[in-house]
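Look at the two complexes coming up: chain A is in both, with chain B in one and chain C in the other.
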Partner chain A sequence: MSKNRTHVIGKSGWRRTLGAAVVSAIYFFPVYYILMTAFKTRPDALAMPIKFLFTPTMDNFYSVFVRADIQGGGGTDSGFSHYFFNSLFIGGTSVTLALIMGTAAAYGFSRFPLRGNDTYLFIILTTRMLPPIIAIIPIFVLFRVFGLSGSYTGIIALYTAFNLPFSIWMAKSFFDDLDRDIEDAARMDGSSEWRVFRKICLPQVYGGLAATFVFAVILTWNEFLFALMLTGTETRTVPVAIARTIGGQVGVDWGLMSAIETLFIIPVVLVTFVLQNQLLRGVTFGTIRK
Partner chain B sequence: MIAPAIATLFIVNIFPLMWSFGLSFFEYKANRIAAPVFKGLDNYADVLKDPDIWERFQHTATIVVGSVVVQLIVGFLLALLFANEFPLRRYLLMLVLAPMMLSLSAVGVFFKLFYDPTLGFISRFISLFTPDTYVILSTPARATIAIVAADAWMWSPFVMLLVLAGLVSVPKYLYEAAEIDRAGWWRRFRTITFPYIRSLLLLALLFRTIETFKIFDVVYILTEGGPGSSTETVSVYVYRLAFQFFRTSLASALGYIMLFAVIVLTSLYLYAIQTRRAEPVNE
Partner chain C sequence: MQLTISDVFKRFGSIEALRGVNFDAEPGEFFALLGPSGAGKTTLLRIIAGIEQADRGRVLLDGRDVADIPVRARDTAMVFQTFALYPHLSTFENLAYPLREARIGSNEVKKRVGEIAEMLRLSHALSRKPGTLSGGEQQRCAIGRALIRRPRLLLLDEPLTNLDAKLRHDTRAEFKRLHRELRDTTIIYATPDQLEALSMGRRIGVLREGRIVQIGAPQRLYTEPLDEFVASLVGDPPINLIAATLADVGGNRTLQLPFVDIDAAPWEATLSQYPSGARFMVGVRPQAIAPAADAGEAAPGPEFPARVFLTEPLGDVTILNIVAGADQRLKMVLPQERAYGIAKDASFDCTLRNDEICLFAQETGMAIRRNWASPTT
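Up next, the complex of A and B:
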């Protein structure tokens, strides 16, 4: 695996840093604006020109989880902690399942090509490239017939299938990159195929599989359409809950919305930083490696 | 080893797809008990004759072309900026790459706030230069630009990543030779840099076209296809047909026309990848 960090062709000094800093700041500004609004009181959030200096408050984050009572006094659970749990639980379970099956399949596709191997891989990729709206129509109807709508089983099964093509293509790209000499040597020494897979190939791709896991969790974490159609009150995930909060109401509490979004996107921004070197492979389903 | 994966994909994905493919030849409404009635190719004929659907394809095409062009330009310029190593590069790069990893629905919600006529900083900023309050989502043209802007902001970093990958693959000695020959920057770009990034630009173009063609979340949250139906894309229309008008089989037929387009584009994409691997400039 190449060690070159996110691609550079030459060296520049601090002047380039300054230019890039200005551009990055403008580019990142929409996200920064949301982060900032999350810590603002309502008057500060509405103030124009934009207030960059303000006394931060945690009130919005408090209201994410506890809905204020109109009569005053205590408050009721807004359900958001449950939606966060759902997003994590559904994402984590389905990605784990997809990755286990995907790694096995990828190893098979990489090391023991079948007749029509490329056709299988193409069909698998197509199931991921197809507009989700096409898949949702029959799945919606079938889920109702089998009583899977609004259940954890249903949405986890669906997300497992949704993540499988991604896992297979990613894992295959890592297996394809491995140096074959070591495993051939092991085969020569009489290692079983299982031993070659388990002791030689797998340990070399752990890093890549970890990156694949995180990417798939983010994809699932961000997914909206399937969740919108197939989750119920019990299984609702965060993106759906957010869309429901802004829909319908007349006066949206943007401080509250920003606080929810902040909690939702901070993990993603941090992960982006950690995975920078794998990002290209991740966003192209492993089709482009460098 | 591939059996569990294939089985899962077949049960959860491919079987329902075949089922709806069959359904697209019947008259069927998901909210009625009536058994499906065979209609042959009528649904497809209806789709192709329906002017509303052609209009949705036009909206989608406008958004795809606008957004992909902006992404290619912005992404390319960002890549040139970040092609060299400089202090703090890794941290600044993170700020630029972050939008790509956000959820489409989050971006929809963000921009809905920014475009809000009274609260949004973008509309308030534009209002400084116009006599009246500038309501971004009020006319078809403005709403389309608003969607393009949100989508292009999110995905330009994707193009940047691909172009960066192309820029590194240029052997340094070519630039050194050009230096000796006193070639100007435009000539260096045209004859040395561009041939190396051409294939990646093509991949970026195809990949983003496939993805933008499916655009749903941003439109659904930002404009709900409005004003009127002026920004409604094919995906949003399929959604409405299937889940608001419950014309399940017609929606399936339209879905399959979309799928056909995506399959063609995906094959082109994979073909472009193979060609790129075979090129002598790589490896």
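Up next, the complex of A and C:
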């Protein structure tokens, strides 16, 4: 297992490595462009051809959080620190909830199948087949009726429901792949059903769950439509706030936009980085002899 | 622990995995379950372990139905065919798992894991995950995890299949030693390998398509197989099976093989019910065929000409594939020094050792008893 891994990652020839580097560079370029623009002054950002050499400035990052007063003087809080908090709090909570519920449900579907198990699973998936633009109408009405519009509860509940089918399907596939003899061995070793789940099955799928967590975080983090319709000033998330920034009085401030986006990318990068070992395990899932 | 299996049936959909299995194992007995792939060995062990439910029949441990005994109190451990090690735990934690589940203190756990690792030569690998262990180490880890609780019933499902020849040999000896040490631990050992079954089992139950066809001591299975199936499963190289016809030759009942006639007298007590012309299968062990020149005066059997068409030297012995008579292929075994110089196309006369011949009815494959055969198994 570990032998294979070092081989796959470390020992390819120079030509392949170079090829991969070129492809990655192409993929990475938009991100790099944003990073660069975030540190440019306004004239530099607008300069054509693209300026690759320039004197970096932190001004854009400053203005993300503080809106300059036209009259001069101090400036007011742009509210972005609050929006970042919202995105983190809403995204983190809903994905975690979805993953916990999804894992439990998936274990049930996998180990204690119901009559018509597959039908249930299919129905669960159908909730994700509607384009959000259509689903939004009844949901909007529902939120109005129950007074959930603009509340944390509402948007967290929605995102949890939104991530649940994906979590269930992913987690179920991980549980299905496990070797049942291992669980039987644990039963013989004296484990209760709960401990079989907690001590034997769950740890084996951590990698897969971590991968699922990252995907769900990215989806939720970037979600725009529901957030636009269902959050208020208090619960506004970053994507919505970005959209509102675009419509400024003085045209699009590319530097500012890029600074926001740079900050916006950081949490996703961090999560992926922290979980990268787990992710690798998730991808190379099921390497133990069956 | 005393184990009783009575009339156990199990089906999976349309497959009847077990169809009425009965046997007992005495406390401390080493009982081997011998059967080819798909015979139902794993299914039977899983039912004994209580992780699979029989459709019908009962499994009793010391007279109590397994179904009524909670898992913890069963004192049963199993080595799975697939090892079933916990892939996310280190070797140490794998070995410790049964103890931890039994809430044994961590000092005691450390001590016992140390002992068992020492015994199974796993001490160097304690901190590693099963995925990084060699096949043999994984197997030993699985065995260690089963032994560490000092079970009173130990179920082994083909525990040696993944070892190389030498390690297999060593571990076989290890199992025998272990069995002596764990005095009242009953061991049920499932294997498709007759050599393992013969060398370790005090008794062997031969499993065929979900039924036990014969239970007996190794020697008994070898010399008095109850049917063709057992005869061809036990012994290496496999027994020669030759079609024969019962005939009356000048008042003497005779079995006519394609290349030689043999006297039917040793079976006459049973054969008397068969008319002349009845067809049989004669089983001759490769070890029971010898060059006529070697037979000496003692018990010379019928002689026949043979021609060698293939030799398989195995070091200590050589297997000769010979053609007897016109076209009957047979295998025979000679000690290496005797086989020296015998090459392809060599011709010589051979004899059959009469008292080592088995006889089976052709239709049913059931053994025809010798006159002196002991009454039951």
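As a convention for this text, the second predicted complex is superposed on the first by the 232 of 290 C-alpha atoms of A that agree within 3 Å, B and C clash if a C-alpha of one lies under 4 Å from a C-alpha of the other, contacts with A are read in each partner's own complex, and residues count from 1 in each chain.
We adopt the following convention: contacts are C-beta pairs under 8 Å (C-beta built on N, C-alpha and C of every residue); 3 or more make two chains touch, one makes a residue touch a chain.
All figures in this text were calculated on a predicted structure; none of them were measured in a lab.
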item: Partner chain(s) touched by A:Ala210 [first = chain B, second = chain C, both, neither]; value: neither
item: Contacts of A:Ile266 with chain B and chain C, given as first, second, both or neither; value: neither
item: Partner chain(s) touched by A:Tyr27 [first = chain B, second = chain C, both, neither]; value: first
item: Which superposed partner A:Gly102 touches (first chain B, second chain C, both, neither); value: first
item: Partner chain(s) touched by A:Phe224 [first = chain B, second = chain C, both, neither]; value: first
item: Partner chain in contact with A:Ile182 - chain B first, chain C second, else both or neither; value: second
item: Touching partner for A:Ile200 - first (chain B), second (chain C), both, neither; value: second
item: Chain C-contacting residues of chain A that also contact chain B; value: 287-288, 290
item: Sites on chain C touched by chain A in the complex; value: 46, 49-51, 71-72, 76-78, 80-89, 97-98, 101-102, 130-132, 138, 145, 149
item: Contacting residues of chain A [partner chain B, same complex]; value: 4-14, 16-17, 19-21, 23-25, 27-28, 30-31, 33-34, 45-46, 48, 50, 101-102, 104-105, 107-109, 112, 114, 120, 122-127, 129-142, 157-158, 160-161, 164-165, 168, 218, 221-225, 229, 239, 242-243, 246, 252, 254, 257-258, 261, 264-265, 268-269, 271-273, 276, 279-280, 283-284, 287-288, 290
item: Interface residues, chain A side, partner chain C - complex; value: 1-2, 179, 181-182, 184-191, 195, 200, 203-204, 206, 287-290
item: Touching residues (chain side chain B, partner chain A) in the complex; value: 1-2, 4-6, 8-9, 11-14, 16-17, 19-20, 23, 30, 78, 81-106, 108-114, 119, 121, 124, 153, 158, 161-162, 164-165, 167-170, 172, 200, 203, 207, 210, 213-214, 216-217, 221, 235, 238-239, 242-243, 248, 251-252, 255-256, 258-259, 262-263, 265-267, 269-270, 273
